[in-house]
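Each in structure tokens, the structures are laid out below.
One chain, chain A, links the two complexes that follow: it is found with chain B in the first and with chain C in the second.
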Partner chain A sequence: MVETVHATFQVYRFTPGVDSSPRYVSYEFDLPPHTPVLSALLKIRQEIDPTLAMRYSCRSSICGSCAMVINSKSRLACQTQIGPELARHGRIVIDPMRNQPVARDLIVDQKPFWHDYERIDPHLIADPAHPMPEGQPNPMTPEQVDRFYETPRCIACGACYSACPAKEADPEFPGPMALAKLYRFVVDPRDGATRERLLKIQPGGLWTCLRCHLCTAACPKDVRPSERIRDLKELAIAAQGVTEAGSRHAVAFKENIYERGLLNEGKLARQTLGLAGTAAQLPQAMRILRKKPELLKSPPKIEGLAEVRKIYEMLEDEERSG
Partner chain B sequence: MKFAYYPGCVAQESGKELDMATRWVSRKLGIELVEFPKFSCCGSGFIDEANLTLNVALNARNLALAEAAGLDLLTVCSTCTGMLTLANVKLKDPKMRAKIDPVLQQIGTSYRGTTKVRHLLHVLTEEFPPAQLKALVTRPLTGLKVGAFYGCHLLRPAEEYPTEEPEDPRQFEDLITALGATPVYYRGRVMCCGFPILFVKEGTANHIAGRQIQDAKAHGADAMATPCPLCHISLDAYQNKAEHEVHQALDMPVFHLPQLVGLALGARPEELGLSRHLVSVDGALAKIGTVTVPA
Partner chain C sequence: MRRHDVVVVGAGLAGQRAALAAAQAGRDVAIVSKLHPLRSHSGAAQGGINAAVGAEDSVDTHIYDTVKGSDYLGDQDAIEFFCREAGSIVVEMEHFGTIFSRGADGSLARRAFGGAGFPRTIYAADRTGLALLQAIYEHLGTETITVYEEWDLVQLIVRDGRAQGIVAFDRKHGTFEEIAARAIVIATGPAGRVYSRTTNAHSCTGDGLAIAYRAGAWLKDMEFVQFHPTALLESGILITEGARGEGGILKNVNGDRFMTKYAPHVMDLASRDVVSRAITTEIAEGRGFPGEYVHLELMHLGKEKIESRLQEICDFSRNFAGVDPVNEPIPVRPGQHYMMGGISTNIRGETSIAGLYSAGEAACVSIHGANRLGGNSLLETLVFGKQAGIAAAEYALTAALPSITADDLSAAERPVRAMQAKKDGVEPLALRSEIQSVMDRWVGIYRNPADLGKAWDALADLRRRSSELRIIDQTSSYSVNLGEALETQHILDLAEVIVAGAIARTESRGAHARVDFPKRDDANWMKHTIAAFRPEGPQLSYAPVAYTRWDPKERVY
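For the complex of A and B:
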């Protein structure tokens, strides 16, 4: 006898243009705890309601079709077992992915996702100075492949895109998957368009990332998009210097710490925002200063600041006067 | 119980009330905080964007300072916790060690990797069983519905925190229960506060903060509480702007974690710096039968 658990599913149902609003339909079964959520949904479709719409194909975390929101987390339905979900939540609530319009039930219209992917030119662009050898392999060293071995694992399921709060708040942001893929081309030694790629993505693209790591938590293939985005930022600053508010902030922060070892909050705001930006912030600054007047003073230098400066001097290219 | 106290930058400046409350709670619970005036900034998720190796080296120095004294670090900021833990993780990679070790040698120190980074939330929940904490509560926060707001870097990336669920944690809620209050579960509790882009894309940042406060409010929260002073800036100091972005009056008091603990353990509001908040906490204090005092 296989051990079973009593499972309650609440499944999002909605057909735009037909239903006036979405609704949740409950289904209950006794199932073995290791049952994947996808199998439970298929059982609902086969035994109770053949009209339940969802995408799936491989049932083994390969095709990337079955991403959905399971108890509030963006996940592959074929990779999520019901047992742990029931143990923690007592029931399983299933929604379609976020940040894309619902086509029907658990199927979303992925046009925005693919459009954002196309924005990064997801193919190798040959360097005219080093054309790809015609009809021959163009090999890389293991060290070169090592730099991006995680990224090709991506199965484009869209779980990261669904989990991303920056995408939710700002439609201009391309989302984690596209940026992780971009990283892969930027560090590929066979690609000849690194600078152009970084230049193109920076305005509105790179610096909206919040580093919340929700994409990395959602990714079923451990591509770690948030870390690849961090890497892209460092590469962008190295290749092009400070061209955006985001890179200005990162570099200003780094310089700020060199001065006293701890942050000078008031000064950082002025450095990032510039004169006009600071002026625009004055009313807010006055509100905050009334409660927190110490923001006007420079904090003291830490003890051992010379050690901190020595670290900067050893690991940075810049000449410093200290 | 003794820790190397790592207050981080903000608790020493605009978030001084967090430092006050941490010291009060530590005294009350017998947690000894050892001062390290040599600690530098954790990098806050910004220095690593410009130079990851530099950021790891700076935190290797911080960790080495505590290590030399044989102490674990006690942090009170989700971002500090994340950045210092990130250094511990990155320094397991021999390639990173090969870059960092010679730098540390130049400043006369070394890193062995024995210092754990522990946030006050983890110390309170892992070292004090709920029953023990409950017994110390003199002003139960009965009737107060509190929405915990974790701060991303206390939860993710997941391998830095093997004991916590990166998208569905419970530690903070369990602590809120032990203090006599009622935790509120809402999606926003594990989401971003918007702080990282507050000076880059302010409207978007304010909007993101507003969404989380709205969510807490919609689920019935009387107040929010956070273990991160950066989240506190977004949620409290910029709440007026968040209200503007989400077109809703929010009026949501936001406590620092040790302020909430301090209130339950009997601290007077002025000992916790509660009058330094931008959004008044008076409504929440009235619920638990105490009042704030003017600054």
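For the complex of A and C:
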């Protein structure tokens, strides 16, 4: 006999235009601990309430239909087993994905997500200088294939988009999925628009990323969007030089630490925003300074500065040797 | 009213390739799909796509392997065309951006697949379907095409001997809508959910087949259903041959390695049908585990090999069966995998109705005959998707304006609204489960007249009860319940056609194994089954198989 556990589900229910506000409905079952959350939801639909609205299809983590928020984490229902969730949280609370409006119950309107995807021109752009070989595949080495990392595994489920605080704060930010997709085209040896892509994405595109890595934690396919965004930042600096506020900030940050081993916030702002830009931030700066006057002083050089610099040298060596 | 030159229903590989071809021909094209295109089941294909591109391989051997694999029921002219197109269609997909795996010299990497004379299966790691689906979707984005996303085809409008348009259900708004079309392509994909034990997604309910059948199109060879020997217990998720290729072995409840008995030389690596039948026999004779399954053991391969070479299988077993293949056997049993049959077409995708085309797993050209070879169906979606798109575009160029009326819409909507108005009745999911268990139990790998008769009677009973189908969900937006009611009706239609064909065909060929007629019977049965809809049940007739160069031989591997 398979052992079972007692499982309590609290499922978000809401039909905009019909219900005045969302509510949670509880369902309880005894189920084997390896039961996927999706199977439990289907059991609810089949045995208790067929009006529960949700998307699902493949039940094997490949179609990207069933992303939702399970105990506060954005993930696939078909890939999440109830046992570990119950062990950690005692119950399973299910909400629709975030950063996208709720259409009904666990179904969100994915228009914003697809719109952001479209913004990165998600298709190969031919390189007039290198036409595709007639009747033959383009040669591509296994090493070139490796450069895509896991980005081709993306199933466009939207879990990363749902988990992204930068997306929440700044609607202009395209979100992790679109940027991972952009990376996939930027490193494609068949694509002729690498530079244009990088220039186009820079304003408001790349540098809003907070490097919180929540997208990478949420991704069910190990695409690691935040790491690819980091790669894009480096490629963008290489393509355009340090002209964007975001890229200037990154470089200034690096120089600051090299100099003293600590951040010099004032200098960082000047380097990032320029003198005029820094002046625009003065009122806010004054407020901060009233609370933390010590910020006005240049930070002292830290004790282990020699070691910090050694890290830089090692990283540069590593970069040179590829 | 909405009107387009070409309406493609279904947005998997076949539908998108058809839409691309029609758009490139200059037509105004629309896609109607119940799923977002990238969520189509084509994305689940792992293994690869066949094309004889290697220096040591030849198109002729690909043709021969396919003819033989089909157990001589495939149309040889169609197979020749199909294999000749393979190289260019794969190169085209590479140019669209597919990220294929590569050999050290930069060429397309190839792997060996069952039933093939050479390693000719081109792949993209363990996600070939996803790689192709992404590339075609990206490329299609450069054309101007209207996409009706999350719209379910509900009815085809056929009048004056030609297709005139469709009625669809818009899931988001909960409304029925009509679209007039000069030409229509049905590419709605698999019908695996006629069974519950299937490797197919929940959405694979054969909608397009059933709807075209009701509209008067012929279905071909529906009794040929391919089972995969190793589907994961409960979920039915596919555990690829790779597991046995790496040295995995099958064991019954007594711990015996039973394949030594059925295929003493190749054992666990025997062809799909042989292994499926062996497992079924073990279970039927009481040597399966309680709950009807056998064990697939990998433990002896060691943790390192299992985790590096069989990563996908590890993930599936851990996530979906709660079993760690490093320490425990994987519970498996055969599951429905592929429908060789479908809407009857020729190589241009033309059906028995003017203006109606079909391609992909929904169609039957026939190139798979009685048994499909791995790697040939992804190829089929692209080769014949393209042909159907071209032919539909040509037809649309000269076809008269389609005529549809308000009555067409209400005729499609009325019965559904009536199901919604019922105060009590049968739940769609409950009826669906019953249909599926009839098929699982009596219309599986081995077929005998007694079981097929039981299935026929049970389906007749379920047919009566289907008039009591009831949709509880009254909300207009995203009534999943309503979609399930429609799908349940489609499954019932198709189950009847499968059983009727299986009862009539008194021979064993490819995937159709009749216990009472264990041999292939070329004198009487070298012919395609054709099913036409009649209110009282499917009407069967037969059509000849096309030969060119290959005389039927016994199929031994």
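In the analysis below, the second predicted complex is superposed on the first by the 275 of 322 C-alpha atoms of A that agree within 3 Å, B and C clash if a C-alpha of one lies under 4 Å from a C-alpha of the other, contacts with A are read in each partner's own complex, and residues count from 1 in each chain.
Here is the rule we use: contacts are C-beta pairs under 8 Å (C-beta built on N, C-alpha and C of every residue); 3 or more make two chains touch, one makes a residue touch a chain.
In this text, all values refer to a predicted model and were calculated from it rather than measured experimentally.
**Q** If you stack the two complexes on chain A, which partner ends up touching A:57: first (chain B), second (chain C), both, or neither?
**A** second
**Q** Return first, second, both or neither, reflecting whether A:29 touches chain B, chain C, both chains, or no partner chain.
**A** In the superposed model, A:29 contacts neither chain B nor chain C.
**Q** Mind working out whether A:237 is in touch with chain B, chain C, both or neither, as first, second, both or neither?
**A** A:237 contacts chain B only, not chain C.
**Q** Does the superposition put A:152 against chain B (first), chain C (second), both, or neither?
**A** After superposition on chain A, A:152 lies in contact with chain C alone.
**Q** Using the touch definition from the top, say if A:65 reaches chain B (first), chain C (second), both or neither.
**A** In the superposition, A:65 contacts chain C only.
**Q** Is A:138 in contact with chain B, with chain C, with both, or with neither (first, second, both, neither)?
**A** So A:138 only meets chain C here.
**Q** Considering only the contact definition stated at the top, list the common interface residues of chain A for chain B and chain C.
**A** In chain A, no position sits in both the chain B and chain C interfaces.
**Q** Spell out the part of chain B that touches chain A in their complex, as residue ranges.
**A** Interface residues on chain B, with respect to chain A: 9-10, 12-14, 16, 37-41, 43-54, 57-58, 61, 99, 103, 106-109, 152-153, 155-158, 165-168, 187, 191-192, 194, 196-197, 199-201, 204, 207-208, 211, 237-238, 240-241, 275-278, 295.
**Q** Show which residues of chain A lie in contact with chain B when the two form their complex.
**A** Touching chain B from chain A are residues 71-73, 88, 165-166, 168-170, 207-214, 216-217, 224, 226-227, 230-231, 233-234, 237, 244-247, 249-251, 253-254, 257, 261-263, 265, 268-269, 272-273, 284, 287-288, 291-292, 294-295, 299, 302-304, 307-308, 310-312, 314-316.
**Q** Spell out the residues on chain C that touch chain A in their complex, using ranges where they run on.
**A** 35-36, 38-41, 43-44, 88, 90-91, 94-97, 99-108, 124-125, 127, 130-131, 134, 138-139, 141-142, 172, 201-203, 235, 237-238, 316, 319-323, 427-430, 433, 472-473, 475, 477-481, 484
**Q** Any idea which chain A residues touch chain C in the complex?
**A** By the definition above, chain A touches chain C via 15, 17-18, 32-34, 36, 39, 45-46, 50-54, 56-65, 78-79, 81, 83, 103-105, 107, 110, 118, 122-124, 132, 135-142, 144-145, 148, 152-153, 155-156, 188, 190.
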